[in-house]
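The first chain written gets the first letter, and so on, giving A, B, C and D; residue counts start at 1 in each chain.
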Amino acid sequence: MNLEAIKSEIEANVPGCRLEIIPNTSPSAQHSLLVDSAHAFTVASFLRDGASVRLDYCSNVTGIDWPLKEISTKTKVKKLVDGVEKDVDEIVKTQTGGYLEAVYHLYSMEQRQGPVILRMRTEDRTDRVHLPSLTPLWRSADFQEREAFDLFGIIFDGHPDLRRLLMWEGFVDHPMRRDYVDPDDYEYEPTAHDEVLKRAKEHQAAEGGL
Amino acid sequence: MLGQGILKGLAETARNFFGSYINKDRLTTVQFPEERLPQIEATRDFPFLVYDGTDWDQGMRCVSCQICEKECPPKCIYIVKSADKKPDATGKPQFYPARFDIDISVCMSCQICVEVCPFDAIKMDVDFELSTTDRFGGLLLNKQQLAKSNEYYNKIHPTEAAAVDAALADERAKADAKLRQAAEAKAAAAAAPPTPPAEKTVVQ
Amino acid sequence: MSVLTESTIALSSGPVTDPGASQLLEVSMGPQHPSTHGVFRMDVSLDGEQVVKLKPVFGYLHRNHEKIAENESYLGCMPYTDRLDYICSITNNWAYALAVETLAGIKVPERAEYLRVITGELTRLQNHASLVGFLMQDMGASGTPLMYAFREREKILDLFEALTGARMMCNYMRFGGCRVDAPAGWLQQAQKVIDAFPKFLDEFESLLRTNEILMARTQGVGRVSKELAINAGLTGPMARASGVNYDLRKVDSYGIYDRFSFRVPLGEFGDVYDRYMIRLLEMRESLEILKQAMREIPAGPIMDPGTKIRGFRPKAGEAYGRIEAPKGELGFYLISDGTGNPYRFRVRPPSLINLTVLEDMCLGRNVADIVIILGSVDIVLGEVDR
Amino acid sequence: MPEIIDQIFVLLKHWLMGYVPSLLKPVVSAILSVVPVLLAFPLLFAITTVLERKGLGRMQNRYGPNRVGPFGFLQPMADGIKSLTKEDIIPRTADHLVHLLAPVVIVIASFLVYAVLPIGRNMVIANLNAGVLFFFAVGSMVELSVFMAGWSSRSKYSLLGAMRAIAQMISYEIPLVLASIVVIMAAGSLSTVTIVNLQATYTGIFPHWYVFTPWGLTGFIIFMIAATAESNRCPFDLPEGESEIIAGYYIEYSGFKFALFFLGEYLGMFATSAMAITLFLGGWAAPFSFLTWIPSYVWFFAKLLALICAFIWIRGTLPRLRMDQLMNFAWKFMLPLSLINIFAAGVWHYMPAGASRWLVVTLVIAVACVLLSRGLRRNQWFHVRTYRFAS
């Protein structure tokens, strides 16, 4: 099954959607399709009902956190310095990430094909974290989107019952984010590790002694 | 007829009731403290440190390379590497663990430490009666508590231990041969006139 | 039976405005309840004994497995997968190993593939056996079927111990093969267990297959239509009981499953009885696979020599690997950024996703039915909450 | 000599009574009759718990209790000590008085019914001429206790359990009483002593037990099924519903109160079994005329133990029914069948003795049985299924 073909089929049928194939260089060669969130629902419902490959089964839904990362690459550039051609290191800074991603692994039970991997990206990691929910299309996304909301903080618009799934009501942070810091609310127990003992001591001091 | 399936089921339980008196296979229960299952060779629970010879401290195979500490998934191993070297069982000077603790309340018996150890120094024990009233100290085993002899290892995992012993003996023989070769080369070199640069370094 | 009004028992803090109106009894089933198979809770609203609302509550056993795995090496993740679905650790190992192998393009030697199939199918046998036992226990059969199932499971666990060193937390597979080869005599011992297993199935079926009480209790209870089963992503015996012909051993034929001939039983009604029977039938098919695998297993290495287990660093990329675990489709989604730790490690837990339709199955049924419907889903909380 | 052994307890009591001043005679006589019963049946309870656990164990291919005392037979002692030393927890919102009274009431009610049960020849506490009526009247006090327990605990599970228990016990009381009517029709008396005496005669070597007639057998089976439901035994243990509503009406009980409930339940089971023996299995009468030399009370307890074993066997095999199925079974099968059984018994009495009445009555009951079970099946469409395999 060809992702290119699916892409062109979607583009022909869903006007205005922006699609991008994210290549996967690893031996698995499971390339994915990045969908803009405005058209994601239409694209997904087309994939489920209209496309030649009927993706009736949504296997896996998950979030990924891509924090903003600066990658500096050193390149040697030949430059004319004082009239002499010299090798000069030039540092090119590129920024990647800075968004949350939701990934859907879709299969076709009817035609026994797959996976077609859909990705959606939020605009940033703080307040514009809304993505359309695909639960109305696939019930199997129900708990998994709730989990992604719980652990990553992606807000799925249109989800029928978007509550925390694994953490308790009233928990504030999203533990699966890369920059998550454990709250200091454990009951520490002495262990073999000095580091833990130290933290325990600090914790007890902060709590006002034993 | 209503009740046929029920009667069939009743016959089955009756068969099992009487069968359990006749057929020993039906009763899988082992009356534990009096009766014990035969030791299964592959069984593992918590790691221990192997030592050669008779003195546990001197014969310890561990050279404190700390690979197991790094690889341990729940991070239950705690090693302090020695500053000096001590001769091991073969007499070769080696680093040794100044401290080697395993917190078996954290250990999950995954055997990864054993797999990654390049010196066959850490192996899995089969002793499971480890309950203690001291929840923290009692389950934190130190170097001495962990040290068990190679004979013990041979007793609990005979096949595996035999293979390890053979491999170690092989390695040692190779090392000896190498040493001998080196010594011979040295002797040969000593017989030959000394080279000036070597002398120079000595002088310095 | 809407006699359970405010006047008889304090149900909520609100005042009684209309004593004649039917009020709902809100029962919190779990987390301490003998039939929730662990620390699982259902907020149930009852009208008499009829369920009008049911909301599952998760997370009592949540330990953020995925976060732990992000801080572990690829090898270090393996023992943690044992603890997902602690009844069938070997298939969890397999799914993870398969995902890593897909990610890094590792080939698995022949003998290791056979060992994987043998241990994987033994796992399926013991999982299904204990599940049907537990289901009957939920139905109130005072332990007899459960004990028969455990008697057989014990023999399979003995096999696991002889092979992997542990009864439940096997930690058996590695990417690129298996950790240890079968010791001398193990295959013969396994053959004996496999040969004796049909006797247990016969016994179990004569005890509880045509039993009228069982049929009355389970038939027509907790029905899931085929369409809903597909849409809600039900997999494994749950989906097949609803008539969805989707067995990853056939669909993906991962490993060497295309070499074995076996059949996939399908249910028609998608009720509890179908789920129960599908599991009994699947055990027979597993035995078929085992027989063939035991016959054909070749000699040879069990690890891919080119794979470095320690300090394993796959190329940057991602992979989704899935297998047919006893409970359904168990998938691992891995993203590598080229370092020694997975950048993202996601488990697709079949038990959790099979619970999606729990409320649909229970609405309008009795309290007694909730218990057996939940029992027929086959959940393990270690996997649901991760 | 067998006569003396048979009557030894009666003679012993008479001998002791000779030393008692006449003023105290009624009181001492009552005590001397009641105390042995108060001792014997709790002892039987202890034995039954061990038997049940060992029997179930063997059915499940386990050993069962075997650590306390020889072969584990002192296990009930250990259990008793355990339950006595356990903390007695009363929920804060519970109705304390009713919560305390409920286990007491169940034990009292269970003991009261033993007054009319003939344990052996001339061995009955009170020979009431309305003994059977007394038995059912007092026996229904158990329902009161169950409701007291369920309501006073203020737990949702216990309330559900109590509701189930009330519905179930009232439904099954009707077939229980209707099934015993056939015996009263045959005996023409409500006195348990008379009923047993009528059965303790022999034709050749065979006794005249009512169970050896078609209507008697049907009555006995109906009675036993209803008795299982009355004593909340598997497969009718819905009020307790271990896996559903945890322990039903006694979920909030702990320690010795819990043990009292347990005792009450078992005593109830013994009592209904003893009543079944009295009505259908000839009470203390020996099964063959040449076995009459064995004391009557031995026969009584032997029959009781046999019935208890049957209860255990059923418990080890069957899963539990659901509430609506239970009700359907009571009202759509048991009740009509017991009514038809009464009719059949009437036909029996008006037909001349011989093969013809056997044939007619058996036919009536068999046809009723088949039709009713078909009716039961029509509502519940269950059947043994066959499965297809994907290609």
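As a working rule, a contact is a pair of C-beta atoms (placed from the backbone, for glycine too) under 8 Å apart; a residue touches a chain by one contact, two chains touch by 3 or more.
The model shown is predicted, which means the values in this text are computed figures rather than measured ones.
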item	value
Interchain contact steps from chain A to chain D (minimum; 1 if touching)	2
Chain whose Cα centroid lies nearest the overall Cα centroid	C
Identity of the chain that, by mean CA position, is farthest from chain A	D
Between the pairs A-C and B-D, the one where more C-beta pairs touch	A-C
Rounded Å distance between chain A and chain C, as computed from the means of their C-alpha atoms	27
Chain centre separation in whole Å, for chain D relative to chain B (CA means)	62
Centroid distance [mean C-alpha coordinates] between chain C and chain B, Å	33
Centre-to-centre distance between chain D and chain C (centres being mean Cα positions), rounded to whole Å	43
For chain D, residues that touch 2 or more chains besides their own	59-62, 316-318
Touching two or more other chains - residue numbers and ranges from chain A	none
Set of chain C residues in contact with two or more other chains	144, 148, 151, 207-215
Contacting residues of chain B [partner chain D, same complex]	1-2, 6, 9-10, 12-14, 16-17, 19-21, 26-29, 31
Chain B-facing residues of chain D, complex	55, 58-63, 313-314, 316-318, 373, 376-377
Chain C-touching residues of chain B, taken from the complex the two chains share	2-6, 8-9, 11-13, 16, 26, 28, 40-44, 67, 71-73, 108-112, 115-116, 124, 159
Interfacial residue positions of chain D with respect to chain C in the complex	56, 59-62, 93, 151, 154, 156-157, 159-160, 163, 234-235, 237-238, 241-246, 315-325, 380-385, 387-390
Complex contact set, residues of chain A against chain C	24-28, 30, 32, 56-60, 62, 64, 103, 105, 109, 112, 115, 117, 138-144, 151, 164-168, 175-176, 180
